[in-house]
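In the two complexes that follow, chain A is the common piece, with chain B as its partner first and chain C second.
Then we have the complex of A and B:
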């Protein structure tokens, strides 16, 4: 059957949401903007990254924000051979759980191995590749370009195998 | 909530309190056969609806079938470029992606010869004078800018006729 002769047009729906963080995730994002990572001490002294407001076992409010390293160990990963629009990288990469030095939980981020799926493995060491600092006097439009750190999980462009950056 | 204990490097600096989290959905809109015929007619500066063979209602823009009777609407009906404001809304709130100057009026307009209103702008009249039953006419873009889109009509404006009788549009409010 022949294709019917009908009009087709692109139609885009956009919602310009801005979300508030609360003080705990706010501290995590502030640290990212400043170029380092923090977690929070749980009731039993373990360090949870990203920080949470309440202890996952006792439900106590948690208060002690602590610094952790920007390198760590891949504990699990999943290869993305064909990245979709809006994903952090436009070339093949891995989503990975990374247990940062000084942390007791793993955090989700992406690992760039230059497109090579054989170059990632559970247990390998990776280090954050940071975007440049936010320029003094940067506007909201400048921030929206993604070119520099703004207080976002994407202030870390990706993690790369340790020793590569 | 108890006070947070922050590491030294996080003290005395401006804290992040919010972040951008935009959502975007990209679609391809396929008009379908009936609406395609309607839009091609618009590009020729014509407004064409379709009549239901059972209930005789004229739908615009046509979707190809009557939602009440579930039958194809094959008879095409040429509609007037004038109509009646059934309901309207004075827009006073700025929103993302807005191109109009505030305040402006968005209205449902029952084109003469049709049985369902279309949504469009009302201009060339102060916003606080727009009312139900007001008679309006289409103002088209210049002929060389006509295309298969309702943007080929710039807006509707009062056509000077006396207000329509309530009975003529009461089924559409």
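Then we have the complex of A and C:
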């Protein structure tokens, strides 16, 4: 059957809102901007990173923010040979669940091995590669360039095998 | 509890891209078909519940346009979930328990082709911790596959065998998109797509729709020679942080299966909504299904995966096999969210 002649029109969707991040997510994002990572203590004393406002199992409100390390262990990974638009790296990389030092749960981020799929493995140690600090007096336009830390999960450019940065 | 049964099921022939039809045009023949198969007219329907995703349609309240397909004038009793149609069926089942609805129409549909599906679905994720990295569903499923492989829950050979079985089963499913005779060994020789997943470990991108008619008690018996009775139905969800969950198990499926009473008697067949090959192995374990249970005689979601309909289709496929007498007791499963985050389990029985 021949492909019918179909009229199509482009439709681009935006979500241009500003949202208040609150005391828990806000604390995590603020810490990122300052160059460190925090988690939160769950009802049974485990450290959840990134922090959540309510315990995932008991639904208790959580409040005890604790600092964790910026290095840790890869607990699972997938190799993205052809990155999609928007993903943090434009060369082959790994999405990884990373259990940071001092944390009891793993966090999703990306690992850059210079494009080498053989250089990542479950259990390997990785460390955050940070963007530079936010310059004093930076404008909103400066923040939008992505060149420095602004309080975003992307303030960590990527994780790299420990010892490489 | 009122006895409620699936008495009719219809679906599209799922395709990679249905360009020549909009959503309501794609859905309309399915609605006509499901009503005809039930042997009723539209005015017999007391309640309509639908499932679809605004993310796919690229607009808010997109389900409203498909209400034209059911004829909403004079005013009808109607509801919608932004979830797979399996959850729309659950809502209809709950509503029928209240006693004022005897016949319900449930439908769902998804056109994935207009956008880049892998990118579109990243927009549904946590906006602070995940979405800025655009982690697509294939990459997230691959993390789960890696965890399951590392834990020894599944092997790459088992994953390829799941795919080969799906392709073979789909040979007898006219609605399937992918079918054929393939050997697991030849699948294993293919390159990785998003390692450890190969392209065939991932579901096809599909446009399609499905619908079922539910009927209660004696109405079901009047309308259908052998209704597929819902003997148990339950759905459970796990935390949305991936790192908090044990990705090598499906705890929420285990919980839903217990509440739905899966283990109360022997199961003849299971229709599992496992979009990725390794997930079928995880789900079989969670449901306690032995080798004697026929899994996905339709080919499952690896044969056609119209998002928002693929779960409802599992219920419809299982029900059809009971209605025709091929099975007495079946389990149908639907999933939602990344890496099997939320799961619905339904036990269907003939009389």
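One rule holds in what follows: the second predicted complex is superposed on the first by the 150 of 165 C-alpha atoms of A that agree within 3 Å, B and C clash if a C-alpha of one lies under 4 Å from a C-alpha of the other, contacts with A are read in each partner's own complex, and residues count from 1 in each chain.
Here, a residue touches a chain if its C-beta (ideal position, glycine included) is under 8 Å from a C-beta of that chain, and two chains touch if they have at least 3 such contacts.
These figures come from a predicted structure and were not determined experimentally.
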- Query: Of the two partner chains, chain B (first) and chain C (second), which one does A:58 touch, if any: first, second, both, or neither?
  - Reply: neither
- Task: Check whether A:30 is in contact with chain B, with chain C, with both or with neither, and answer first, second, both or neither.
- Result: first
- Does the superposition put A:87 against chain B (first), chain C (second), both, or neither? second
- Is A:6 contacted by the first partner chain B, the second partner chain C, both or neither? both
- After lining up the shared chain so the two structures overlap, which partner does A:20 touch, if you call chain B first and chain C second: first, second, both or neither? first
- Task: Would you please give the residues of chain A that touch chain B in one complex and also touch chain C in the other complex?
- Result: 4, 6, 8, 11, 13, 15, 19, 21, 29, 85-86, 152
- Spell out the residues on chain B that touch chain A in their complex, using ranges where they run on. 1-7, 9-10, 13-33, 35-36, 39-40, 96-97, 148
- So in the complex, which bits of chain C are touching chain A? 19-20, 58-59, 114, 116, 118-119, 122-123, 127-130, 132-136, 139-140, 142-147, 150, 192-197, 239, 241-244, 247
- Item | Residues of chain A defined as touching chain C within the complex | 3-4, 6, 8, 11, 13, 15, 19, 21, 25, 28-29, 48-50, 52, 56-57, 75-81, 84-88, 95-97, 99, 105-110, 117, 122, 152-154
- Query: Which of the residues in chain A come into contact with chain B in the complex?
  - Reply: 4-21, 23-24, 26-27, 29-31, 33-34, 36, 38, 61, 63-67, 85-86, 143-144, 150-152
